[in-house]
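Labels run A, B, C and D following the written order; every chain starts at residue 1.
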Amino acid sequence: MDAKNLIAFRVAQEMKDGDVVNLGIGLPTLVPDYLPEDVHITLQSENGFLGLGPLNGKTLPNLVNAGGKPCGMVPGTAFFDSAMSFCIIRGGHVDVTVLGGLQVDQEGNLANWMVPGKMIPGMGGAMDLVTGAKNVIVAMEHATKEGGAKILKRCTLPLTAAKKVSAIITELAVFRFIDGKLVLTETAPGVTLDDIRARTEAEFVVSPECCEMETPREVQPV
Amino acid sequence: MDAKNLIAFRVAQEMKDGDVVNLGIGLPTLVPDYLPEDVHITLQSENGFLGLGPLNGKTLPNLVNAGGKPCGMVPGTAFFDSAMSFCIIRGGHVDVTVLGGLQVDQEGNLANWMVPGKMIPGMGGAMDLVTGAKNVIVAMEHATKEGGAKILKRCTLPLTAAKKVSAIITELAVFRFIDGKLVLTETAPGVTLDDIRARTEAEFVVSPECCEMETPREVQPV
Amino acid sequence: MSQTSKQISYAALRPRLRDGMSILFGGFLGVGTPEGIVGEILDSGVRDLTIIGNDTGTPEVGIGVLVANKRVKKVISSHIGTNAETGRQMIAGELDVELVPQGTLAERIRCGGSGLGGVLTPTGVGTIVEEGKTKLNFDGIDYLVERPLRADIAILKAHQADDKGNLVYQRAARNFNPIMALAADFVVAEVDEIVPAGAIDPDLVMTPGVLVNALILAEEN
Amino acid sequence: MSQTSKQISYAALRPRLRDGMSILFGGFLGVGTPEGIVGEILDSGVRDLTIIGNDTGTPEVGIGVLVANKRVKKVISSHIGTNAETGRQMIAGELDVELVPQGTLAERIRCGGSGLGGVLTPTGVGTIVEEGKTKLNFDGIDYLVERPLRADIAILKAHQADDKGNLVYQRAARNFNPIMALAADFVVAEVDEIVPAGAIDPDLVMTPGVLVNALILAEEN
């Protein structure tokens, strides 16, 4: 299993039965594949609906996800306009939002929407999601492709929102923000604290209950 | 024809084909009875719909006007929630609102929602209607039951909105606010300028085009 | 969302009710007010309530029975003229009444449910409504900053629901119900009919089920 | 409301189009964008447009073709990443782009259409979005005052309309369309079907016809 699927698996274990969840594009969309069997979540899509489901083969008119891709819907889906969609998002009616990150820092700041002079796609719904969701999970590979740290003392890229991140889940570790502090709560099998320190610029506390990160059975170390 | 119906008749002549109109309770509800044949208006009801029609005998579930009374609806009616109802009202999508008044003054201020210590029903939707409608017509009898002036230099009762009235139509006269000034534009048949001055406290300008107020054929003076 | 129906009985609402709580109630002169839930609140004996909604109905209809039975400490409403008891208690100093322009009331509730800190409205400028409020001027126009309203519980009336709590309202009974569904810690709807999830066309849902915590089937349809 | 149908042809839209005008366009990555009207605007040759909507689609889909054909002077949008041409022109200094958080964009348009002077939102606080904006603090929380947006014309896509202009949207094609119907001096909707007034259940209308000035039947259903 690759890093992305490992991360998606671990994120899926964060979900509680009944949660309303918004998943960013890319890695986060893998999360539903790894939900525990007794956990049912409702997916919110910022283009205006609650009840996003897998495509199931057949494309239906005007049924697309927030990435513009054809999708399915579950029984009991509801559609609404963009104003209502963000009333739901900003108003705390979304339990969990899962997004990728370019940088996260030890203050809980997230940067994921632009690299000045290079890539300026825009924030889309991300600023509202990170501001309004009850739980903000950043799901990302621990380091850049070049091996640089993404979990920093202070973000250098323009922020998506200030001090709103609840947890960071990477292929190496799980961090949570507890009382405003970045706390390491889990490390992946075979990953040492030194490995994490080497790839993390941010200062963090190691939880007294820090344990091994849950991974899919097939990659558990023997 | 009594004063109320005379006023309603004259107000009806203000309507243009296609107008979206909100009518207050009481006298204003008589207006549709006197519309010219070629003028079709759409009635907005602040409890959430556009397309209010006459009752036509049969009461339908949950179909009531803003006074809570059973009403009818025309083909092409649309229902919506209270937030949308006032987006329409406040947003200038209502062409004309017709309301009663306790007092109006020469600045275009209207007071029609409370008499301190005596009668405090609340403003309901009146403040939004008077603030947001393109045309605000105050339709009321010229004087109080005791003969006191209701068109004043300055309202003494708490205001509904400041400087928003477009026209005042009474059984004696039509006044319009033109460039911030109160202008007498019509007088009822048989009513002299002195009659009006005697029953009006406000200072007003007499329009050079001041003419006789249109009244239903049956009460035209011979 | 749990996969089981959200249906509960009137009696199951009791543990949610307590003295001093705030209640958002749907309805306009009683149309769109859940009369059965109002009856349950009355029977529960709770008092010192703060009730928030368009009007106080009449002493016999809508939320008005709670006022008439002296269960209410504070009313936040646009109109109280149809319930003489509200005015009487207010003048006697027994009841605190905050009168709010109807459009402003709608926006304040919507803000309370959608994470907004308020709206800027021209309604009320130059009237006693502006007292004590922040005023901002943009492009020469004055606006009042009107702040959010929320409540402990919202009691709604809908025509139809599905198991997941998706709601469909009928005619003028919609009014304040959809925005109130956003703005309370616990949202309960009294409905005429409950159908299985999937039976309502998703385009026609007026309140998404995730906003609704519980459904009660109205005793008389 | 006039009793005749609001239907017009694509060509009848021409006199409404002019250089430098502002356009609110419905749609989310092209879904819910009136492609026929966009084509008509392109064919009309108007330029220096300000376009306001969720995103700029792709160079071939949605509003994006106007960008690709250099008819646009300014974009107000939450996302431009799917249209490389928007980014290229922006970086080359040929195109002014104002990026707005999606929820804020929705509220600003809604304000523009509903007589509100703005909303207070926590979204964007502590980011570059707050630059140049009034900030208010209530109960220890910072909010940005976000101001209304309107346009000369709104171009919408709906599934069904009646003669009076009442609109019904389909699935995720609803998105920004209903709020844009409030916020322009002239509102035109491209629809798949036009039925007589009375054929749509009044409870199911998603945009009231009084907000819609003209209807165009889509050339290909």
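Note that a contact is a pair of C-beta atoms (placed from the backbone, for glycine too) under 8 Å apart; a residue touches a chain by one contact, two chains touch by 3 or more.
These numbers come from a predicted model, not from an experiment.
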- Task: Enumerate, in label order, the chains that touch chain B and chain D alike.
- Result: C
- Task: Return the distance between the CA-based centres of chain A and chain D, expressed in whole Å.
- Result: 30
- Could you put a whole-Å number on the gap between the CA centroids of chain A and chain B? 56
- Query: Using the average of all C-alpha atoms in each chain as its centre, how far is it in Å between chain C and chain D?
  - Reply: 32
- Spell out, as numbers or ranges, the residues of chain D touching 2 or more other chains. 107, 110, 115-116, 121-122, 169-171, 174, 202-203
- Query: Can you list the chain A residues in contact with two or more other chains?
  - Reply: 49, 79-80, 86, 89-90, 131-132
- Task: Mind listing each pair of touching chains for me?
- Result: A-C, A-D, B-C, B-D, C-D
- Along chain A, where are the residues that touch chain C in the complex? 17-18, 20, 40-42, 44, 49-51, 73, 75-80, 86-93, 131-132
- Can you name the residues of chain C that touch chain D in the complex? 107, 111, 115-122, 134, 136, 138, 141, 143, 145, 147, 168-171, 174, 202-204
- Query: Which of the residues in chain C end up touching chain A in this complex?
  - Reply: 1-3, 110, 113-116, 162-164, 166, 182, 196-198, 200, 202-203, 205, 207-211
- Task: Going by the contact rule at the top, pick out the chain D residues touching chain A in the complex.
- Result: 28-32, 54-55, 77-82, 87, 90-91, 97, 99, 101-107, 110, 121-129, 159, 169-179, 206
- Note on the structure: Residue set of chain B touching chain C in the complex reads 45-49, 60-64, 66-68, 79-83, 85-86, 89-90, 109, 117, 119-128, 131-132, 158-163
